[in-house]
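Here chain A shows up in two complexes: once beside chain B, once beside chain C.
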Partner chain A sequence: MMADRRRINGPPGGTRPAVFASNLQSGTSATDRAQRQRQPSELRKIFLKTGLIPTASGSSYLEFEPSASLAAARANPKSLIPPSSALKLACTVHGPKPLPRSAAFSPNLVLTTHIKYAPFAARQRKGHIRDASERDLGVHLETALRGAIIAERWPKSGLDITITILEAEDDRWWGSAPDSHDASWGMMNVLAGCITAASAAIADAHIDCLDLVAGGVAALVSDDSASTSTVAPKLMLDTDPAEHRSILSACVVAYMPARDEITELWLKGDSSKASLEDGDDRTGHEALIDGAVDAARGAHAVLAEAVRESLLKTVGQA
Partner chain B sequence: MATSLPPVAIPGQRLGSIVAYSAGPGTHVQQSNIYASIAGPVVVDPAQSKTQTKATLRVSRILSGTPQISPASSAPIKQKPRYNTLPAVDSIVLARVTRVQKRQATVSILVVLDETSATTSDPSKLASDNDNVASILTTAANPENHSSTDELRFQALIRKEDVRAVEKDRVVMDEMFRVGDIVRGSVLSLGDQSFYYLTTARNDLGVVMARSEAGNMMFPISWKEMRDPVTGAGEQRKVARPY
Partner chain C sequence: MSNQRQASSASQVPHLSPAELSYLYSSLSLPKTPIRPDGRSPTQFRPLTAETNILPGTNGSARIGFADGTQAIVGVKAEVEKTVLANETLARNDGGAGLDRGEQEGSAAVGGHGSWVQMSIEIPGFRDDDALPVFLSEMMRESLVGAVGTREASDMAGGLKERLVINKRWHWRLYIDVLLLSQPLAYPLPLLSLTTHLALLSTKLPKRKSQGEEDPFFDDDWAVAEYLYPRPSLSSGKTNSTGSSFVRPPVTLLVISVGENIIFDPNREEIAVADAVLAISITRDSEAGTLKLLSIRTVDPPSRLTQPGVPNSENVSMLGAVAPTEDVAVLNPATGEEEVPGVWRPRRGGVKRSVIAEMVKTALKKGGVGEEVLEGLEGVEVS
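And then the complex of A and B:
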């Protein structure tokens, strides 16, 4: 137990006034749930810039475009509660640096990844100590990057990758009651963003890698209002969980387009009931993985452009 | 054949076929094609007459404005793959002495000198290639900056028998190095988990900067002695030949 026993502590997660689902259904415009305005295969815009932290050997900052409903709510606020959130994160790379004295000899680069949510990143406040989900994300990120880095070129050295999440994706719309399909869907978008940002920061630090590895998310969602369970779920790319009534399954990949290789794959949920186009005889999870790879290709375009831009800037200065 | 090479490359970008080029630092080979593995300007080193037939393709880590073809013209450079800025076997490093013991001296590596700049005899060239060498040395030679950053640097050992080439058994470590000296050394091996091994057993290797007991910068007067310009007192060191 890490709890402070000497003081009277507040509740760990913070409190909010109770909002009843019945109140929300009546539908004042302030509490409208977010709706996806994009096409199923349309991605959110990504802002990505490298080299913003001068003390690190490599760094990057990534931001997803706010959803249409969030942009509207910001321009014309009707409620204090934002309808959805948009991912914002900063990534730093320190190294290559000597391994600590206690570490054993390693002929390869030793990769360490830390992912930390800022306390204010999600609607539920996060503690200062890394919790299980943050450690889980760190392991996933390490797997994704290990396949891309050429580790044998950096013997006896370590590389620390630290990501701070400033704003996380929601796991579902904040107003909806928890139901059976709930899982931490937002984490998957966060991981995809982490992979893309970390890849940019590693390129900024001039660590040898096989390709720029990009993250992408696809999901099977059923958006039908009110009890039409007969309609099969659809495949959507780059899903914002706040915009969908229920997500049945989702998939994150870390993908290297130049080699057509996947270094990390994370599937969650039930992908057996996908409704694909006629003549498409892929299974649900194949479609899901293909969709995530498509999303990663989109992210890679941004990633390549961001790396090239910072490179041209430094070459121009020298 | 790859008719046009891009001026700059990003990781994963295809540069050319291994039929036309051989892969140099900053690149890797996959399915008979050379791909960039770091972001930087693409440099083609023309083939060295006897040993190679193909030009070497590399991605430069140094972001100079114009990709220089000069390393090929300055004649006898050993064509050794040097992928990174880590100390590798045979690379020349500048290090600061952190501890002197009876059998060995512990140093922490400040800079790994480029092969191109290490072979030129012009110190100004050296400064321009590794543009921060001067600043690193001035901060490292300042006693206030000692000890704080050692954990972040690569540690190395100079064993007693690696100090000089002759009279190895008469070496007294206290008369070779003092704590705070800046030493030019060559990497013998990657060593064990915590230390690299350096040697100074060459005329051009040894102490390059040192302060006297009075705290003044000293100048070398012979291969084993340096002198304080203020007090005039001499101190013993294993001195590197000045260029």
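And then the complex of A and C:
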């Protein structure tokens, strides 16, 4: 086992503030559960800004709009525990820089991706050493970006992309127990955010790409608590897992609109029971992929605007 | 070196010259009739030998060897463990807000937890925290715990996770240890996935003697142990000869696209020139008798890391030897890039949605590759 012996770590589960019975008269009833206020195809607003870290050759900061329930809970606090969380992450790009002398020759740009959750990013504390899920995310991000970067223009060079996640998405509503549909759904939203942010940072570092690659998420959710089996799940874009009772399957894509191509696809869960509109003869997974692509198109609009801003800033400085 | 390996995470940089790559690509992308280096048809798998229950110290094990010499061994071990209720559930039940206590406890006991299945992959030459083993194990674990049965009546209605629940306070923890014995010549995913499938099929758990909420207590007679993936009883097995009546673990197929062709189970040379690589996990839908998609992941194609070839018109040592009209860049319809025929260019960009749909369809369709693979695996006698 890899134990972190160099630091004095806090308790792995975190500590919780004292909650007095008098505050609990309402309990945690179903009304406290976060509810999706958006239309099925409506995306959350994205805040994206480049060039915030001056020492890096490119950087970006991305934030998703907090859900309506979180805003309501902040305005009128009932509980100390926030009902949902919104993604916040910072991305830095270092390079292109020469590879170390000891490295083997490479005719292409060597891409290295690091994704790390800050210890305080999720409700469960993360350690200082990257765990399996963080490494897995790193591989996904690398696949997404390598397809977009024109790597043969930088032989013998390396590019390091480091992402720190300051606040992660929840995998489910904090109050519900893990059930048969539990999986790390929040990771997929995190990956989509990472792709969009990394793409902005790469553009900020002036590295040639085929297109700005944007990430998008779509999911099949069934919200009716009574019986999940009778009601067919619906397709929703940009799902916040805290707002849904059960997510049956989800898909994240990295998409380049100019070429209509997908550089990274990650789909999991049972997509066979999707209820689509009449006359729609797509299969469940095709509808999911198309939905995720639509979400990515939305993110691409924000991305293009952020990159334009960064360019205007550089031109202004020169 | 470790930096290099991290970068080539999911795939290995092939040691083929641009000319070889170009030759491979053009023969694999021949319209409708690709010519594979080993003469297989596009959907044909490499021949393999398989055996199960080879490790006496495990609950289930299997070995598969491909004809090219790559071999993998999988051992499955099970351990009884106390179920830890989620922090939130405990806190709430202690807190005296007993309104929804029943509901909470009920829901905690119904479903298993994905983290009860632990998977580790060992590949020679890789550290256990390198990107490739981590990516492979997450990929296989995700489809394994994600597979949920459809028939309410059967034991496996909730899939593997639910099968691991003993009672509200105890559960099985499953360790799946995958060992690749040879150097990873090709991308080892299909080999590891098939071996894991067989090992899980042969896994037995001791028969439980305790009932309900008692502390678990097991029969020490190994002969009466029950399969982790229960078999149909003999009478129903005869009526339903295909064996599709019981739930089986999923398998993950590796599919590549080259030009307009879709090729299954690529070997090392074929994957080196692939335009797109997908890992598709499928299982049998016990209700409909068809195949069901569990997960798709793109794998970074190694062709993006290859060295480009130089056309004669740009080659200084060939200066004046070639007429400029001799090699003209033409548009490759599959990739949308300008290419000189016969001169290798590393792949760029992604994959079209239509190609993904076609790849999934070929894997899932009735009488297609997925069914063939699952039938082949069902043919392996599991003792």
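Heads up, the rule we're going with is that the second predicted complex is superposed on the first by the 290 of 318 C-alpha atoms of A that agree within 3 Å, B and C clash if a C-alpha of one lies under 4 Å from a C-alpha of the other, contacts with A are read in each partner's own complex, and residues count from 1 in each chain.
Just so we're on the same page, contacts are C-beta pairs under 8 Å (C-beta built on N, C-alpha and C of every residue); 3 or more make two chains touch, one makes a residue touch a chain.
What you see is a predicted model, and the numbers here were worked out from it, not measured in a lab.
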Clash or fit: what happens to chain B and chain C when chain A is overlaid?
-> fit
What's your read, chain B or chain C touching more residues of chain A?
-> C
For A:Thr263, select first, second, both or neither according to whether it touches chain B, chain C, the two together, or no partner.
-> second
For A:Trp154, select first, second, both or neither according to whether it touches chain B, chain C, the two together, or no partner.
-> first
Applying the touch criterion given at the start, work out whether A:Arg33 contacts chain B, chain C, both or neither, answering first, second, both or neither.
-> neither
Between chain B (first) and chain C (second), which, if any, makes contact with A:Lys88: first, second, both or neither?
-> neither
Who does A:Leu210 touch here: chain B (first), chain C (second), both, or neither?
-> both
Is A:Asp290 contacted by the first partner chain B, the second partner chain C, both or neither?
-> second
Following superposition on chain A: angle at chain A, chain B versus chain C, Cα, nearest 10° | 100
Does the superposition put A:Val110 against chain B (first), chain C (second), both, or neither?
-> second
Look at A:Trp174 in the shared chain and tell me whether it touches chain B only, chain C only, both, or neither; answer first, second, both or neither.
-> second
Min C-alpha distance chain B to chain C after superposition on A, in Å, is 6
Hey, what residues of chain A end up touching chain B and chain C alike?
-> 99, 103-104, 106, 150, 210, 256, 259
Could you please specify the touching residues of chain C with respect to chain A in the complex?
-> 1, 3-4, 6-7, 9-10, 85-89, 91-92, 95-97, 99-100, 104, 107-108, 110-114, 129, 131, 134-135, 137-138, 142-143, 145-146, 148, 158-159, 161-162, 278, 285, 292-300, 304-308, 336, 346, 348-353, 356-357, 360
State the interface residues of chain A toward chain B in the complex, per the touch definition above.
-> 96-99, 101, 103-106, 150, 153-157, 203-204, 206-212, 256-259, 304, 307-308, 310-312, 314-316, 318
Contacting residues of chain A [partner chain C, same complex] = 2, 13, 16, 19, 21, 24, 27-29, 99-100, 102-104, 106-108, 110-112, 132-133, 135-136, 138-140, 142-143, 146-148, 150-152, 158, 174-183, 210, 254-256, 259-272, 285-286, 289-290, 293
Touching chain A in the complex, chain B uses residues 8, 10-14, 26, 28, 30, 35, 37-41, 61, 63-65, 83-84, 86, 151-155, 190, 192-194
